[in-house]
Amino acid sequence: MRRKIFPYLLLIPTYLVIVFFIYAPAFDALYNSFFRVSVFGRRKIFVGFQNYLSLFTDKDYLYAVNFTLVYTGVTVVVSIFLSFFLALLLDQKVPGSRIYRTLIFAPYAVSHAVAGALWGFLLNPVVGHVNYLMRIFFGIQTHWLTTTPYAAYSLIFASVWKTLPFNIIFYLAALQSIPTEVLEASIIDGASSWKRVWKIIFPLVSPITFYLVIMSIISATFQSFAIIDVMTKGGPGIYTTNLVYKLFLDGFRFQKIGLASAQNVILFIVMMVITIIYFSYGQRRVHYQ
Amino acid sequence: MRKSTKRIIKTIVFEILLITSSLLMFAPILLAIIMSIQPPEFVFSYPPRFLPRGLFLQNYLEAFKIVPFARMIFNSALISIFITLGKLVTGSLSGYAYANFVFRGSKISFYVLFATLFIPAEIVLIVPLFRIVSRFGWTNTYWAMTVPFLASATNTFLMQQHFKTIPKDFEDAAKIDGATPMQYFTKILLPLSRPIIAGAAIINFTYAWNMYLWPMIVAMEDRMKTVQVAINMIMNAESSNNWGIIMAATVVALLPTLILFFALQDLFVKSLVGSGVKG
Amino acid sequence: MRRFWLIVLVVLTVVSFAKVKIQFWHAMGGWRIEVIQNMVNDFMKLNPDIEVEVQYVGSYEEILAKLIAAVQAGTPPHVVQLNEISTQKMIDSGVIVPVQDLIDKDPTFDVGLFLPQVLNYYRVGGKLYSMPWNTSTPLLYYNKTMFKEVGLDPNNPPTTFSELIEACRKLVKKDEKGNIVRTGITWPLYAWFFEQYMALQNQPLVDNNNGRTAKATKVVFNNQAALNFLNLWNTLTKEGLMINTRRADWTAARQLFISQTVGMLISSTSDVALLMNESKKQGFELGTAFLPLPDCTQRGGVVVGGGSLWILKQKNQAEVDAAWKLVKYLAEPGPQIVWHQATGYYPIRIDAIQKLLVQGYYQENPHHLTAILQLLTSVQNYNTQGAIIGAFPEVRNAIETAVEKMLTGALTPKQALDEAERNANKAIKEYF
């Protein structure tokens, strides 16, 4: 008998947390998304799907959807290719590679907020180093954080810089686990090294790429809030306002609980879709190591 | 002969590429450290300078004056340690359940748990989570900053994967010796899992230390805020107009995890890759 | 039995000597945290039965969000400083004790000694809901040293938009490659300045007399007055005569001025003390002036901005009384003078200003005087009294978003006004 309930006891702590702090909020969001709630929560009227309707007819919200897609897309693509390239470099057995690896991995340890602060500094119009170098080398003289399209570039710099190491770490591990026979065989076949990289190595690590794309999407969509908040505050205008930033504004700046709840529900659904794609598609394909 | 020349050229090219990219990647952190120990004249010089001149620690003192920084460091440390311990405990318990026991509802509950695998609730569900925490009266307390994060599917998954690799013989032997399942867990399973636990610990610690949006929202007073939030506070502080001070705060925020990372790089990398979900 | 009464006596004594504990939340960061703490310490010395816990909570936006959470958790703070645009929202909230109710019951308090310009803002429907406290208006700061250097008269700062543009053009400095290394002016990207320029041209922001005679139903700023200001902003930006900041980034604007990257700054009067110190450190002479006006316009006035102190409903009446004592104290001439001198925020009382005049304070501190004169010379009517809107944060957001789009070239000034009007009206309609 004790043996029977034992596994359930083991699960209790985890489930308490998951139920109270993920599922309960999800239901709370769903419920409140059908109401319009006054600022101090004292008045509440049922509005049906009105919150969702006004979101999808709100130009600013649609813009945020669009910006999220573009920003996430560019960050993920750039980060994936750059990290694959850097991982290939690091995989070469050259002197000093350990030091290089340490330095290149370092940004993994810093937070998104720190990444935002660092790049905000490097790009600031008065004393920024990158701002200065850009002026010297490319003749770009601009206010990076407050003008279009540079504000978006700035964010992308910071988030690519921040997400690169994570991806490199995984690619490097994957590269190191490719059996040398495979590569030797292709050398004997006479494939040129560039061709070898794209025709043989890249496909071999594709399960990792799939995993990293998912993780990068999550990071660029959700964790990048800190970068945006520190660097551009969603501006200029709503130019760099993504879905999470918009949610933050509606939920905590303007106190529109109903509308913000609807946005939470949408984000939750998006995450569920990503998770389902991952498990149904990834389950079959991801077999590395 | 020609082949070896080719190899030398190749090595040189790789070296150059690697040196450039490692400098580029590390430069932001390095410049922050440099700027944080330079006086305002240096920070404000145009064109900007890259190499440090002397040591100027005033910025750090200023940062500690603008916000109660020492207290914030303490908060960050406390919260991170608490979350790390919590996740390890809950993760290994539930991982143990899924790895070593067959029980009714295991499959369905597994799905319920793993549906949340990628969900950072503190962002995706921030508004309702905040409402729930407020209703508990937890705003502005350590409870709000820790309890919602004391378990995660990732940790359960990691531990379950690892426990599965430990041969069944150990369990059978323990059973014959008369050990209870709990004794087997604490006396044999956990000691055998030290590396994976250490790895999970540093990943969890880094995640907790680097949280931003949630502490910013639930902490109502300066003395309850964390280091990450402090950076933005100092950037926006009415009295600060000096990047030296801002960079000093930034360095304080990034140093603990960076040092941890430098010291335990191999463990970090190994467990990070291990935590990657494998089909 | 005797013992019982003894215990009762002890308990009663303890209770009667027990301090009333209240919380005071404010949004004044930086060096002002200490100023406020000292003021409160003085208060506690005078009222040993009251213990005040002072908290700097963050920006005005954060303080409101956190107030809401605290109220919902059933643990509201006692005194909260909120910005001027939260007024209608708080009146509607049902969680506050209107200051007027406390004034009416308190014969020791004379509201007649307060500056009418300040009271008028916070009085809604003839009733004072919160105690005005940190009060400021915008001011033009300029670098006299730089003015001399480029041949501008340091004692004649620009008073009209064309003079302003002219001065900015002169202040521009380029390096040998033609890059601009110094330019004319900056001000934080903040809708407050837009509102000020409506009032300066004697125009309302919203209908129903700026929401003063009935609830505002729509904005009325889509007109020539607003266009004058947006055209100026647009021209200065397009010609590279102005540097724009991120939204509400006062720090960046100040930094540009202090580092002498720009020669002029429009910012709050609450920066007077800070800028006096910093300019001395940087070795330039500071000048202050009234805000320049569009050419050929009559000066209306400035609207007071800043914040006021709200008293929250409590279960325990003793706590409300203690909160009122604190609020009253902070509005007394003594603390008001300390506050004024340390920051540049106005003293909100006539007697405080008189005291300072007698002491000769303003002869030594001409910049503090410019600030006060600009307010005192303002025309007093609904337009300069300031707007009362429930959805004020959203209206500001609508204006700022449109302005930013204009500055990036996506919209013309007229289109920006149209968009701001549209979004602001939507927000007003949706306010609940």
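Points to keep in mind about this one:
Note that the chains are named A, B and C in the order they appear, and that numbering of residues resets to 1 at the start of each chain.
In the analysis below, contacts are C-beta pairs under 8 Å (C-beta built on N, C-alpha and C of every residue); 3 or more make two chains touch, one makes a residue touch a chain.
Just so it is clear, the model here is predicted, and its values are computed rather than measured.
Taken chain by chain, the contacts link every pair, so each chain touches all the others. Among all pairs of chains, A-B has the largest number of C-beta pairs in contact. Between the Cα centres of chain A and chain C there is a gap of 38 Å. Chain A and chain B, compared by their mean Cα positions, are separated by 16 Å. The mean-CA centres of chain B and chain C are about 40 angstrom from one another, to the nearest whole unit. The multi-chain contact residues of chain B, meaning those touching 2 or more other chains, are 44, 46, 130-131, 217, 235.
Residues of chain C in contact with two or more other chains: 65, 72, 249, 255, 259. Among the residues of chain A, those touching two or more other chains are numbered 126, 252. The touching residues of chain C, counted against chain A in their complex, run 61, 64-65, 68, 71-72, 89, 92-95, 179-180, 189, 243-249, 255-256, 259, 261, 393-394, 397, 401-402, 404-405, 407-410, 432.
Across the complex, chain C is touched by residues 36-43, 45, 60, 125-126, 135, 141, 143, 145-148, 232-239, 249, 252-255 of chain A. Taken in their complex, chain A has these residues touching chain B: 3-4, 6-8, 10-11, 13-18, 20-22, 24-26, 28-29, 32, 86, 89-90, 92, 94-97, 99-115, 117-122, 124, 126-129, 132, 161, 164-166, 169-170, 172-173, 207-208, 211, 214, 218, 222-223, 225-226, 229-230, 244, 247-248, 251-252, 257, 260-261, 263-264, 267-268, 271-272, 274-275, 278-279, 282-289. On chain B, the positions that touch chain A within their shared complex are 11, 14-15, 17-19, 21-23, 25-26, 28-29, 31-32, 35, 43-48, 50, 89-91, 93-94, 96-97, 101, 103, 106, 109, 112-121, 123-132, 147-153, 156, 181-182, 206, 209-213, 217, 228-229, 231-232, 235, 243, 246-247, 250, 253-254, 257-258, 260-262, 265, 268-269, 272-273, 276-279. Of all residues in chain C, those touching chain B in their complex are 25, 28-32, 55-59, 65-66, 69-70, 72-75, 181, 249-251, 254-255, 258-259, 274, 278.
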